[in-house]
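Sharing a structure here in structure tokens format.
Going by the order they are written in, the chains are A, B, C, D, E and F; count residues from 1 in each one.
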Amino acid sequence: MSAMPRSDLPLQDLLEYRCSTPEPQDLDAFWERTLAENAHPLDVRLEPVETGLTLVDTFDVTFSGYGGAPIRAWLHLPAGRSGPLPVVVQFHGYSGGRGLAHQMAPWPLAGYAHLTVDTRGQGWSNGGHEPTPDPEPSAPHHPGSMTQGIQSPDTYFYRRVYTDAVRALQVAASLEATDAERVAVVGGSQGGAITIAAAGLAPKVGLRLRAAMPDVPFLCDFRRALDVATSGPYLEIERYLHTFRGREEEALATLDHFDGVHLARRAECPTLFSVGLLDTTCPPSTVFGAYAGWGAEDKQIKVYPFNNHEGGEGYHQRRQLSWLAERLA
Amino acid sequence: MSAMPRSDLPLQDLLEYRCSTPEPQDLDAFWERTLAENAHPLDVRLEPVETGLTLVDTFDVTFSGYGGAPIRAWLHLPAGRSGPLPVVVQFHGYSGGRGLAHQMAPWPLAGYAHLTVDTRGQGWSNGGHEPTPDPEPSAPHHPGSMTQGIQSPDTYFYRRVYTDAVRALQVAASLEATDAERVAVVGGSQGGAITIAAAGLAPKVGLRLRAAMPDVPFLCDFRRALDVATSGPYLEIERYLHTFRGREEEALATLDHFDGVHLARRAECPTLFSVGLLDTTCPPSTVFGAYAGWGAEDKQIKVYPFNNHEGGEGYHQRRQLSWLAERLA
Amino acid sequence: MSAMPRSDLPLQDLLEYRCSTPEPQDLDAFWERTLAENAHPLDVRLEPVETGLTLVDTFDVTFSGYGGAPIRAWLHLPAGRSGPLPVVVQFHGYSGGRGLAHQMAPWPLAGYAHLTVDTRGQGWSNGGHEPTPDPEPSAPHHPGSMTQGIQSPDTYFYRRVYTDAVRALQVAASLEATDAERVAVVGGSQGGAITIAAAGLAPKVGLRLRAAMPDVPFLCDFRRALDVATSGPYLEIERYLHTFRGREEEALATLDHFDGVHLARRAECPTLFSVGLLDTTCPPSTVFGAYAGWGAEDKQIKVYPFNNHEGGEGYHQRRQLSWLAERLA
Amino acid sequence: MSAMPRSDLPLQDLLEYRCSTPEPQDLDAFWERTLAENAHPLDVRLEPVETGLTLVDTFDVTFSGYGGAPIRAWLHLPAGRSGPLPVVVQFHGYSGGRGLAHQMAPWPLAGYAHLTVDTRGQGWSNGGHEPTPDPEPSAPHHPGSMTQGIQSPDTYFYRRVYTDAVRALQVAASLEATDAERVAVVGGSQGGAITIAAAGLAPKVGLRLRAAMPDVPFLCDFRRALDVATSGPYLEIERYLHTFRGREEEALATLDHFDGVHLARRAECPTLFSVGLLDTTCPPSTVFGAYAGWGAEDKQIKVYPFNNHEGGEGYHQRRQLSWLAERLA
Amino acid sequence: MSAMPRSDLPLQDLLEYRCSTPEPQDLDAFWERTLAENAHPLDVRLEPVETGLTLVDTFDVTFSGYGGAPIRAWLHLPAGRSGPLPVVVQFHGYSGGRGLAHQMAPWPLAGYAHLTVDTRGQGWSNGGHEPTPDPEPSAPHHPGSMTQGIQSPDTYFYRRVYTDAVRALQVAASLEATDAERVAVVGGSQGGAITIAAAGLAPKVGLRLRAAMPDVPFLCDFRRALDVATSGPYLEIERYLHTFRGREEEALATLDHFDGVHLARRAECPTLFSVGLLDTTCPPSTVFGAYAGWGAEDKQIKVYPFNNHEGGEGYHQRRQLSWLAERLA
Amino acid sequence: MSAMPRSDLPLQDLLEYRCSTPEPQDLDAFWERTLAENAHPLDVRLEPVETGLTLVDTFDVTFSGYGGAPIRAWLHLPAGRSGPLPVVVQFHGYSGGRGLAHQMAPWPLAGYAHLTVDTRGQGWSNGGHEPTPDPEPSAPHHPGSMTQGIQSPDTYFYRRVYTDAVRALQVAASLEATDAERVAVVGGSQGGAITIAAAGLAPKVGLRLRAAMPDVPFLCDFRRALDVATSGPYLEIERYLHTFRGREEEALATLDHFDGVHLARRAECPTLFSVGLLDTTCPPSTVFGAYAGWGAEDKQIKVYPFNNHEGGEGYHQRRQLSWLAERLA
């Protein structure tokens, strides 16, 4: 039995840790411009899907994302529902996606509408048969999503993903089955990063979320992450810079526009974070850095002291169910 | 990127492969004696559990297993049900268990009663807060379940587990909410082994199952498994015999009484197997060996040619949902 | 010190080994159509580059590849040359590219013109500062090049790469500094696969090559490679099929159009292959399979019995220098 | 060649390091109660064993341990002895045991009586043919001994082991062949932990030891060990807490009753410790923590600066032979 | 838990396996010349050593080996001996040596004289403070002993080692304390290879041994070993040939002069072999190859079916003690 | 994707880091004595070699090194040269050597004479067919060069290597084709260490170098290297001291005489260093330690922040070409 040595701070220091990277001056301008350029109609289409499950009705959703590209999602609704439902929008971890139509998170079973959204260009590890493509070309980069278009904020992969996410929230709020005043957002790892970004950017499109639940979020405090992470997709950036010597500042300047630490400050809704103290993929200091600045007062972080990137799993899901029920009651 | 070399046969040879180990002469006698010794009342208790899920009603079940030890399970029932339901009994993979009460397999969502049963003494990787203990002591053995009591069939760990499983089927058939004529059994890996054993032993207690769905089943064709498996708990047996030189025949003679190849021949219900051709934990030849002798004519095996022990995952679940719906319609 | 077990055949069997996959019926039609659709002008541009090397003159070359996309290469010429030179066209291993302008293979130092060509979309491990992009979008796939567009021969990544390669040969033959009657092609691993493909397809555009030198070539006998390779990019295909269950035949039908075994049969020039008997990335049987069918009589294969994918390195380069000198004298 | 990065302190800091975990208030009460409850007769039985060795007489010893369970040991005596001998009691590393009867430590060859004692429930890596069972059942736990009964000090595995050890010292002192005034105790790793515990608890049963020699001892300063150890059985506790989230304080409260740091303070005999500065299984700070508080003045610690958990091996054995000869002269 | 796939034959085939490499024609001539050139006086010196052990008297032995180089050994004698003793000569595994003076094998404790001999140039893993140097220089080679001087039989490292071994047997037979008619030889791994070589070459110097006990012997059937071994020092030869391409035949021609398969045929004394069926360092087929041709009728091989290179350890030692007692009674 | 945790300091601390090990008092005396004892004639022989390259003339050079042993090198000269040329002397990384005659570094192509020198006793990973032997015997040591003769500065392996290097510089300055006033020295890893040593020792033989370019140099600040390095040959020293307990001070006292930190202070020529901040083989602090004390004012260090021991590769070569052109213009 063996393990890697811990490379992040002990808990008492994590509680005090603050990310020292300044915000890029054009951060708000960049995102406002991006969202303004992508304010075209949502163009939502729903098609009912046969899943074999009798308790849940499922729809195959397509909406128009960044640059007009079609983005896919599943909408799950409790079968015997009546009246508009609170809705939980879920984003997914790196390499994954919405999966197959019959695969259920607990949200619809707890009476919520549940919109579970593909990440464009991903889905290679668990994405169902027809994952959502990303039609934008990129310069050669380390395989994977992390350094696609990293040459500038305008071309960076996550510009498209975060914009898709904000629009997914708008989709969720616009459906007949849902209550636009009770939208929550959730996701783990990359899904946690998108959750933070969506919560931080939602005010810019006039959306008032009721709750955000980022688990072990990725894409926070990039400089520290590059120092401390010893597994997972942050390392793609290291491998890219390993080859493309001299592009360090260019890459970091791009990443600063997508840093969850900065975007979390713009969030206005209650939040429940989770973090694993042994997380080598999304090191705890990077998570605490984002949590520390979260822009709303109703915030909690649940610490899992002996967990790596799996975090709290079913234990945390249980906690989220009751925390969210209180917030959306 | 790297991988282990394949160590099992190519598909065309797997289709022809037959396990060459003879059955122990006392196999039926051993199991009939075991089940007769454990024919005490089931002593089922149900307590409703609050899960936060509104579409499913969940009960904490305790019943009396091998030697009278209390065995735990969850019973999940669709919330708005009416009349007795077909019931799916699920067993779990090595080290796991029934998990937390709100964690749902697709069965209850598809309208089945679902009884998901702990494996005594396990639950260390994913078993919820109070996994089911195994009160029987064992001689020192390699850590884990595989060599507990391997000195004789009478003391072997899986004697208790298989007996618990047969009794779990009896529990499922005996509930008010269920239809005793429509009992199915399912499980993956160790859960697949228990599925085979339960299907093979059910006739001995007069139970007529309607379907068995073992996925990537464990505990089949032990001699070949010890030759071919390069990961997973079969290796515990190798480590045990590494230390306890000279006990090879004793151990193999015990294992022969628990071999899925032999027990599958006694099964009388339709079956849907799955197998991964790259499975290094439950090598495909051991699975084909059990499938080849299955004792009923309505049988299928779904081959996943580029999968290891994960097998078909959601893809296979989807297939199981429709296969089972046809069988239990 | 440890090593992987050998998974390929012993030498005596390799000498007899023949790939059993039949050619797709439309193979020639597919490639003739592809090359016909990409018969636009080469549009070659040369810009002199300052490298600091005084013995070699270097030019940054751009030409129009598949679909009109600009492809980059270096042209190296001996500084004091006079009269048209024989020319060696080089393709590169997976993930690499032409590198930096001052990095020299032995060819220009031996008096050849040397055209060293980027692989579009690659260059992430060693490609210089501005590797050649691939502007064609692809459906989500396992990260890397191997499963880009694998849904059909028309969309597959290597359709573009092989076409670029044939056009690079045309570029090499068209330059003022070169002798169109003395064109040779060389490359290792993926570069060896492209070498075979370019040699096999050259007759279709009326090009008569004088020599082809594929080292430890990739992309040959895909079915066997998927069985035997335990490292390297063949495994991307395995990982793709691991996720996208049910697409095995679709993927293999695509790959058959790009198999070096089939394309080698169409080659008409002398060849010198190399192979490492311990190669786990491009297993020796797959190399022997391509070599066995090579379509010209003047052929040799140099076996390196104790080498993995590095093959003969400097030893083989030395052999290539003298073999090629004889062929191009 | 590669190695893990060092994760523990440099030597100068180790010399100053002190464990900061307070003693549980009921520590003495717990152990006094435990020993009082297990003050039944030792019930020692000796059977001569044929080993093939002519210089040493060996006996198979059974005595009554915690809860009355039979514990096995070998007693080795120099063949030509006369008069009562000083006696060395040895405990063993995790997973091991007394081994086979002919396997000799140097103690009997140096003229000592040597009692080498099984650890109940272990022996799976090296324990001879009939290792000592542990008849007490435990709740499901991570495989191995470390989390057996960790729910409370009363049920914890090492309660039984430490009690067995104290009783083994009593056995050693009670034999006809031995001199009760010259009892020494020795062991490495887990055997070192038991050595510390036995030395610390011996005064509670009125035993006056003459020497204790713990090598690279385990089970010291658990909180730090869980932070710093990157190999070995401390990680079982991490894996247990990984699954059983929320039981951290319960587990640590149990472990505090078995911490060598606390028990070492109660020792009254001279000691010779050893420590490897590169030890990743029993990190040096945890060893220095126990050594710092050792309750007798005659104490030494031998530092092996370039050794991992193997410590000083034969070099240290040689040192122990002469150190002990001085103490027991 | 994971393991390497088996790469050697199953037991039933091992029993039939025969090495197919022919003997070099000059094999006997080479060794007779070598031994004749090294027939200088043994020049044995004995110095008593203080070990702290009272049951055994130990002497530091130096004798003149190949080329007159001084070779070191320990001689252990039971303390109260009377009359000449049968003597066991032991050789050591790769990288090791005689160790420290107080470290005892069971032989002296069983009443034998025990001569435990250094391997020149080794001792880097476990050789005591002053291991025996090898004064002969070698051409650059892969680090370690395996390719030292592999350019020809005359310069090969093991020419010196095997000669030292034959002379060690002569030393053992020549001592005052020993009975020259009762000399046995033992060793594991490299020590097993030297045991075979010494037994095979002893007749050439007129020595009649009474027993040879090679365990899991190394240096047998080199061609197969290079194909099948996946760990251990055979791989040094692979790494050497990896670099020094083209020297394969030269190296193999050298190795043929040192192959245990050939030398075993020349042995004339009874033998007890051991072999581990999972041995990846000295694969079982190479051991069976040597055993099959052993030149005496009284031969046994003990198979350990679930052991790697550790073989039978204490279990086999116990067997050796009784087997040898019968042979030397 | 995974990586080791960083174990060295962050950049801002590296810039301030100073090695704290004092110089041995006899450092200058030791080296002056060594060089004086090895002041015999250089005895240079040149033989032209046929490489197949027409732009470069290559000679096989032999000169008399430490103790008179013959040392091999290649001399490469631009084919059309006129007049004495500036000369670049290159040393090689651990285990390598001058390679094959046709393998070209950029120096001759840029118009320099290029003397590329073997490291005696090495060449096992990449050394051409006849690497240079080291005729001096050594006591048994961990396989490899690092602990050969480490018992004293007089017998240490690098005493011979550094002396060979100084003499190679003298050879370079003495050739007809070269300009003795324009000698530069370059090398990476071990070659970087030899570069530093040669630059530091050159003044002692009256040589005035014009430039030294050590890349990611090895053999600097040994104490820190033993603490921080997690890969590469520093670990040989750790393994040696692991076995030979008690020899720590002896070994470190030897190493102090060869430490690049001390020798760099004696250098008098301009220098361009390179360092990888993720270098686990030659950790950055050890490189900065040597750079900090370099004995000339014209010094630069190029930092590669996301590179391990590969450092800047082609990027740095390009920088060296222009830096050196400025220095030797």
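Everything below uses one rule, namely that a residue touches a chain if its C-beta (ideal position, glycine included) is under 8 Å from a C-beta of that chain, and two chains touch if they have at least 3 such contacts.
Everything numeric in this text was worked out from a predicted model, so none of it was measured.
Note on connectivity: the fewest chain-to-chain touch steps from chain D to chain F number 1. Looking at the partners of chain C and chain F together, the chains they share are A, E. A count of contacting C-beta pairs for A-B and for A-C identifies A-B as the more extensively joined pair. For this pair, chain A with chain F, the centres built from the Cα atoms lie 50 Å apart.
If you average the CA atoms of chain D and of chain E, the two centres end up 37 Å from each other. In terms of their C-alpha centroids, the spacing between chain C and chain D amounts to 63 Å. Residue positions 4-5, 126, 239, 246, 315 of chain C are each in touch with at least two other chains. Every pair of chains that touch is listed here: A-B, A-C, A-D, A-F, B-C, B-D, B-E, C-E, C-F, D-E, D-F, E-F. Interface residues of chain F, counted against chain C in their complex, comprise 51-56, 78-80, 99-100, 102-104, 106, 108-111, 314-315, 317-318, 321-322, 325. Note for the complex: chain E touches chain C at residues 4-5, 7, 227-233, 235-236, 238-239, 241-242, 245-246, 248, 280. Within the complex formed with chain E, the chain F residues making contact are 97, 121-127, 129, 131-145, 239-240, 243-244, 246.
Chain B contributes residues 1-6, 10, 278, 304-308, 310, 312, 315 to its touches with chain C in the complex.
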